[in-house]
């Protein structure tokens, strides 16, 4: 038997040989890499930076990444998220990173899996790794949160990061301001900060955090130029910023809409720095969970070297 | 030359330098990883568990997996399967795993390639790794095949696994029963077992092996509820099973159609166990072929430790 | 915290722990694999052999390949090539291989990135790795370029390789001939060789290099049979070739159009040999750039062993 194409070609003996060898593999009697940690990224929505950032972080943690493409999976045959996740767990994945268009998709999963799950974005809900990388970028810049003034601008209502960032920044001691067209205001944010006019606040804040206008959703509301002039970060507005204040944006950026094209890579912009930081933050998130679940090789090193 | 974007930028000297270094690589005069084994998975049909299971098995065997996506390949320019396979062989793949909608797709390939090919499903033909993992699951459960009673239920006519499983189980000494709506019966199975009524046989068999209803193909024939009541594994039918008997299904499962939703993860179900076992079986299949072709590092270990 | 699904679940302490660990990763205070070299292949056009050949070459160089699929990236949200490339650079890719339908796509990138870029094909422009592997195949066969006669046949006007090959071969001392239907002739080639009739030149040349007819573009011009008879490499024409002369083609081949089906794997064909050679040439291209940018582990070995 030089190929395996049909059960018709197997003798009883050959079947038994395969079954015996499978048993040996299951019992780890071969020198396979037993300390491998397998992870898969299930992205049910388009993404460049989040998915690739997790991938890079996984390689740097020396995890094995099992590729999963929605478009060629049994999801196309109507398989549910639940069954897909249970399948990945059954075949040996040790952690899953999931982005899904449905809010709270994870609620039906958590009690039924024996592996850690990271939410990489659920509908208009949460996006913890974006929030944490924003925090990391701010802390790296200013060395503190207490007393910092952060303004979050744009489509607050449909943003996955506005609410998380507002709450976390507030918890950590920062003062949070919001600026937004009326129809994109979100009442729920009021517990964490107050609404201001962008033109007044721009001179006082340390961080100007712009949100992405979801063109595919809102194109009808404004002409892009009108939006840019009224609510965007224009070159003129940026000139009013304090000398050490910074610009942030979760990307992808609509250049010339929520932020002027020439500000994206300006000295006060931390937009690409945020992406760079995202890798380290995601490494930390995954490492933390893997340690909690007793799955990681860096455990001892972490205990020895941890700084906190 | 800091980038390579155009031949216009090359001097004669620079061309010669590249050609010399290529020669050095071909002759392995660099310390590249010469013992790498490269494998690629060509899936021309949607799949979650088979493709991912092979992927996980490949990582556990420390093979290098070269990603192949049908949708972005030259198959889109009309390239034939034959030329695609010969290309993968030429660029250095040492083994290919192929799923293809055409029955017997492999027949035009086998005499023309110098690397092992594993059929991961051909049309309504064969699916050896599914058959072997089913056998492995049964053997693991009962420790034997001789005298075991196995009932295969559902769309026998269009199933890739019914015929292989029936034949293999019969060869190995099990008694095989079939249960199916009349229009899905397959005369060719009669050499390996006999047709029974599901309600009679359910009390006697050790294994109830349900097949997937291919909704996309057969939705018109039955209402799903009627099918479930008449031919599916309902909770009531499952109650009549012997205490040590088990339920199997190749998945993906249509919950509530061929099997009741609540039975999928019931104690007598081995559905997720089958997926888990699939990884070890596929490791054994690939390792067996690689040894036959003289390509594997575990060879000595296998000879020393092999149990059979 | 056993999963990370929402910022709502984090305490202030837990946020600080993650941020501290991220800092430790950024400062490489963990034993992560610091000498990893990450590369990504961005293919905005369908490809089998070029993409897979780069992948195999990357594995053989022990690079980490970060998968990038256009169809599931933020390119779908309108992100520009520039921002996509800057993102990949920011998250840590050390080299990019890009195929793009737009001619000279790289011109807007080169001055703005700090990592090497390899053009794997731009519109009807350049395709350096194909040119270099063709040169490598010729040099391996004949040991020289000077005095060799090479005929390039087919759609010269729309070919990415015709011009590069003609120029490079001419630079290296070969005599270049062109043969083509009138409407596919390209005046710009005249500096590198002369137009001939295929039936006259076939008896004299050492290399017959056929180009692919882009069926999707030109189907209307000719019936495929007429084209094959008038301009293709038929069995009859191949019989007139000198005994040691060879046939080349960049593939994918339209069997029976630009070349007879039975010549593709004939003894004088080097078509699959070209694919094999492509891996070594691409290894050399990437290794050369990585050395230029100070990123590679083989550097010392290369200096010691280099042959040139």
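Labels A, B and C are assigned to the chains in the order they are written; within every chain, residues are numbered from 1.
What we mean here is this: a contact is a pair of C-beta atoms (placed from the backbone, for glycine too) under 8 Å apart; a residue touches a chain by one contact, two chains touch by 3 or more.
Labels paired with UniProt names: A, B, C = Aspartate carbamoyltransferase.
As the structure is a prediction and not an experimental result, all values here were calculated from the model.
Where the sister copies chain A and chain C meet, the same residue numbers recur on both sides for under half of the interface positions. For the copy pair chain A and chain B, the superposing rotation over Cα atoms measures out at 120 degrees to the nearest 5.
Each chain gets one centre point, the mean of its Cα atoms, and the points for chain A and chain C are 33 Å apart. Shared interface positions of chain C, defined as residues touching 2 or more other chains, are 67, 69, 71. Interface residues of chain B facing chain A in the complex, by the touch rule stated above, are 43, 46-49, 51-53, 55-56, 59-62, 67, 69-71, 106, 110, 116-119, 122, 125-126, 128-129, 131-132, 135-136, 139-140, 164, 167-168, 171-172, 215-216, 251-255, 272-273, 275-281, 283-285, 287-289, 292-293, 298, 301-302, 305-308.
Within the complex formed with chain B, the chain A residues making contact are 1-8, 10, 12, 15-26, 29-33, 36, 38, 40, 64, 66-69, 71-80, 83-84, 86-93.
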